[in-house]
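The data blocks that follow each hold one structure.
Okay, so subunit A shows up in both of these, paired with subunit B first and subunit C after.
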Partner chain A sequence: MTSIDREGGRLLVTRLATPLVLAAMYGIAAAVSDAFLDPSYVLNLFRQVAPVGIAAIGVTYVMILGEVDLSVGAVISASVVVCASVMDGDATRIPLAIGATCLLGLSIGAVNGVLVAYGRVSSFILTLGIALAVTGLTQVYSGGTSHGIVAPGFREFLNARLWGVVPILGLCLVAFVAVGVTYQRTSAFGRRLYLIGSNRTAAQLSGLPVARTIIWAYMLSGLLGSFAGMAMIVRSGASGTLTGQGLEFQVLAAVVLGGTTFEGGRGGVGGTIAGCFILLIAFNLVILAGLSSYPQLIVMGAIIISASAIQSRFAGPPR
Partner chain B sequence: MPITRRQFTAGSGLALAGLSARSAFGADDPIEAEDLLASQIVDTSRFKRPGPYTVGVSAGYLATSWIVYERQYIQWAADQHKADVRQLIITDAGFNPQKQVSDIEDLMRQKIDLLIYWPVDEKTLTGTLTRVIERGVPTVNVFGGFSASPGTVANAYISQLRLSELVASELMKSIGGKGRIVAVLPIPGSQEAADQLTGLKRVLKDNPGVELLNISYGSYDRAKSKQIMENLLQRYPKIDGVFSPSGHMNLGIVEAIEDAGRLGQIKMSPGDELNGWLKWVARNKTAGAVTFTPSIGKVGLELGLRILKGEPVPRGERVPSEYITPEKAVAIADASAPDDAWAGPLPREFRPR
Partner chain C sequence: MTQASLKSVLPTAGIWAVLAVGTLCAAVAIPAFRDVENISNIARQSAVLGILAIGQTFVIVAGMVDLSVGMAAGLVVVLTCALGGGDPAAAAPLAGAMLAGGIALGLWNGYLIQRLRVHSVIFTFGMLSILQGVILTYSDISIGTPPPQLSDVANGSVLGIPAAALVLALAALAGHAVLVRTRFGHHLMAAGGSALSAERSGVNVRRVRTLAFALSGASAGVAGLLLAGRLGTGYPLAGATLELDAVVAVVLGGTSLAGGRGSIPNSVAGVLLLTLISNVLNLLGISSFVQIFIKGATVVLAMLANQIGQDR
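And now, the complex of A and B:
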């Protein structure tokens, strides 16, 4: 075997690290509970993971750049409130509500992107500040309680199952992932993400549009956050002002578990989605195993640490 | 018989110590212990002063619909007692315990006559509240539960123990006193969750034919409760009933049950008077509700005004929970209002927009 073959093999293992860990975890889960062998249950996992998964696609783009987006939870909460408010219980207003919510996500993302691209503030602090501001604005708009009424048919359609088995919301997630992976792998934007994330100075000196790429990545993160908010409405049916609170940490955990690091320049949407499923399986497995509540947290933590350690071992250190 | 402050403080400490010690041996009834503390009459003569009054409200947070409705009930009460309430000042700590300490200090600088509060973290506030009392300003807790803290002069409260016993009893009736149930409780480690579990277990003692399969914590989160229930339905092929006094969590739970096609097999316990839950009860004509009314905000303000007038008051003014039948739910559920609205006597002009 030549050194080229060995290097190719190493890259393949690196790329497949998280999916391999997911496969192993799924095998263990299936051994513990035969729920994981039930097609209806497994397909329902896609529905359960949809909100976090959709949001995580956008955050992955930002993190490949070497930045971070902590405002995604606030974007989700704001999107839930705006979407339900614009719908106001009227099915004819659904397209308007979707449009308004997307515009909200894009706008917040644009503000994040411009400030990160042209400001000298770290994206960690900046997006944390944006998150607080957006949360406050959401509370002011809603008066602190949920606002608006979800239109009839919106949830019912997206919560339905095709042929009684395949959840439509799960199919939506698959569609988002397919588009997200394709865009990341085949577009010039996707290539620029890795180049800028690997070495920003070299990218700038090479004439790449660094600022424009950063802004677009954050706008996509905001847009996908707003879609995640709409997915949350479908899952929960409520337009509470704190719907997305704390979800940014689940999203970040999934992205990092999926192989995208804070240093940037590596990772991808495929690994992120595998990371989302690892977290979800850990949460569900402890309930299905019949553990009582407090040991559940300990076991969940142990599963996540183990998965992360194994993934890191396969993937190797950051270059 | 009215008691002095020193007797009150010493008595509280002794009562709490006694309760802890005797509870360790499982000898005391927690409802009786709560009633004993609540029934103590507080000597309010040192808080007496002429009106009108400036009332400070220190909110630990204003980010849930129940709390927002409670604030509106306080505003309604202030409006009803215009002659007594010169000004109502409301602060919001936004879940930050240290900020709530600062908020209370700010309110004291604004020379309030009465402090109504609900805490982020009661232990963090105890010292501050005690100093407020020492400066002659009475404190009234309206968080829902009863506080025996020395920083609380009086409480407007709902007995979670009684509420959960009522909820559990209705569930036992609906499953015929036998079968297998699961419990979905609120925030793990919280006093509400502990009290709800205590109430459930007390009722289960009288229903030996009922087996409690699992206890989970939905944290008042509809989506999380739905996910928990989806997993419980997989884990346990036969579930006859679900104990959950929260309307928010119940809405997620019933969606999971409906999706699994098992709504006919599983009985839900009553939730609370959240509008979304009442709408579900009215549609399905089952389960009902047991009230956990945000109107304790109004009761709290009126209790505070009595203290300021020097009237002796009980340490705990209990607002009873009542059972709303499915038939009554049809009458009071508001189809035109959001799911997060709360049924009750709050006038329309005071309802959150």
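And now, the complex of A and C:
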């Protein structure tokens, strides 16, 4: 095989791997349980995947840059608390609550972005630290117990199903993904992500606004984390102050499964969403098999490791 | 050699000054801090994290990071208590088994990271998730009691000195000797400084890196045994975020995450500083929620300080 063939083969494998795994996963699931053939059940998967899916869009942007954002779980928890407490059971305060929550996510993202862009520190450990700080502040703000009340109509509307089948929250996810994919593919920001991710020094030298792009990517990741928090309220109510705890593992596993590597420069939102569905189907199978939710952690860890290993195998040695 | 090692230690010795000033301020401002019992407590509390930080220093010097140690120590806590059942006869076999298990986990981490060519942070982060899943699947409530000898070591004293602090001091001395005096230590620094140059000058980079992870795994085993003795029960999340604390302590000690250099005494000073901060916050009656925030802020500040140190 010539090197060009090999390169093409690699590209093809990388492109098709995630959709193929998703198709295989769905095939297995459908063979194991008839539920996966029921349109209503399948559409419900879109509702279930919404929080992780929305958050994963932003983390994908950050990871194309060659950085990582592990604060999403903490942002989701904080958003659930802030959104519910600003709403305070009053439907007229819904816009205010949404605004405040978005502002929160954008601010946390801005802090992450500025520290990564100008501090030039390991984003992995830095965002873990920010996650701890945000978790602490959330607990201080809430006193450790949930005290907000979700406004009437908020959950009911978004949990409703159009024509009795299509969940509105699922439609929201589709909308977020459509905007996310379009933004990544058509905007200057999207192109810069790949350029900076594949060679930061070169991007800097050719005059790209590297710091600005990094900060904006983290701000988007924070913003989408807030929306993920709101989706979490819709899905399961505002019952705790640690709702998002550990979700960063799921998000990370989904992004890596979708073909976006830790080295940066490749991947995309489309693959990430496929990755989210692969995880979700795997978890549903775990539950259908009658296991507790804890083995999910084992599955996730194994996926993070093996997906990275496979990617490094096909993409050559890490730089 | 002495001059070189002095040169590498001097710029990072600031941690000892910070520690001394911090201790002095605490002693002057808070009467309860001066209590002998409180000082022994700080020494005891530092032992678990100190041992993890020693293991982590080896890995970081090699240019890698091990995020699996916290959950590994947590698994040791749960297994030691569940299998120990407060039986004195179980102490020796359990300690041996946990140490061996820790080393085996480290070898597994080190071997696969290089075989699969996965970044150490990602691999060990995945292991963190896996180990957490294993612990919680095994038990999601506190179970069992450790063999009494472990509680003696963790909470007792020898000649008025907390035994756990002696364990830490011995481990630090041994670790320092290995890092500074042995060929393995020099190879490790070379591999962390530049893997390519080290490889070309005949260092078996794969092997020294794998051994560094084995040491880190061993430290997780020892730390887990001590933690089991301290807690007196197999709390499933006993090891949560310890890996982060260990990395922060090493970074506070002036070791660069880029690899190639590092000092175990300084890492231990970093641990003492972290323990001092949490002790003072406790004495001042600061809520645990605020403490979580301060911990996160410390991580961020330590990372930034580390970067500034590198730029010099």
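Here is the rule we go by: the second predicted complex is superposed on the first by the 274 of 319 C-alpha atoms of A that agree within 3 Å, B and C clash if a C-alpha of one lies under 4 Å from a C-alpha of the other, contacts with A are read in each partner's own complex, and residues count from 1 in each chain.
Here is the rule we go by: a contact is a pair of C-beta atoms (placed from the backbone, for glycine too) under 8 Å apart; a residue touches a chain by one contact, two chains touch by 3 or more.
These figures come from a predicted structure and were not determined experimentally.
Of the two partner chains placed by superposition, subunit B and subunit C are both touched by A:S292.
In the superposition on chain A, A:V140 contacts subunit C only, with no contact to subunit B.
In the superposition on chain A, no contact is made by A:T18 with either subunit B or subunit C.
Of the two partner chains placed by the overlay, only subunit C lies in contact with A:G129; subunit B stays clear of it. Considering which of subunit B and subunit C touches more of subunit A, the answer is C. When the two structures are aligned on the shared chain, A:F262 is found in touch with subunit C, with no touch to subunit B. Legend: residue contacts after superposition of the two complexes on their common chain; A:T101 is shown touching neither subunit B nor subunit C. Applying the stated contact rule after C-alpha superposition, one finds that A:G301 touches subunit C and leaves subunit B untouched.
In the superposed pair of complexes, A:L115 makes contact with subunit C only, with no contact to subunit B. In the superposition on chain A, the residues of subunit A contacted by subunit B and by subunit C overlap at 139, 143-144, 292, 294.
Per the touch definition, subunit C reaches subunit A in the complex via residues 65, 112, 116-119, 121-123, 125-134, 136-137, 140, 241, 244, 247-248, 257, 287, 289-300, 303-304, 306-307. Residues 62-65, 67-69, 188, 214-217, 221-223, 226-228, 230-232, 234-235, 248, 251-252, 255, 259, 276, 338-341, 352-353 of subunit B touch subunit A in their complex.
Those residues of subunit A that touch subunit C in the complex are listed here as 115, 119-122, 124-126, 128-137, 139-140, 143-144, 249, 252, 256, 262, 292, 294-305, 308-309, 312-313, 317-318.
Listing the residues of subunit A that touch subunit B in their complex gives 33, 35, 38, 41, 44, 48, 51, 139, 143-149, 159, 232, 235-243, 283-284, 287-288, 290, 292-294.
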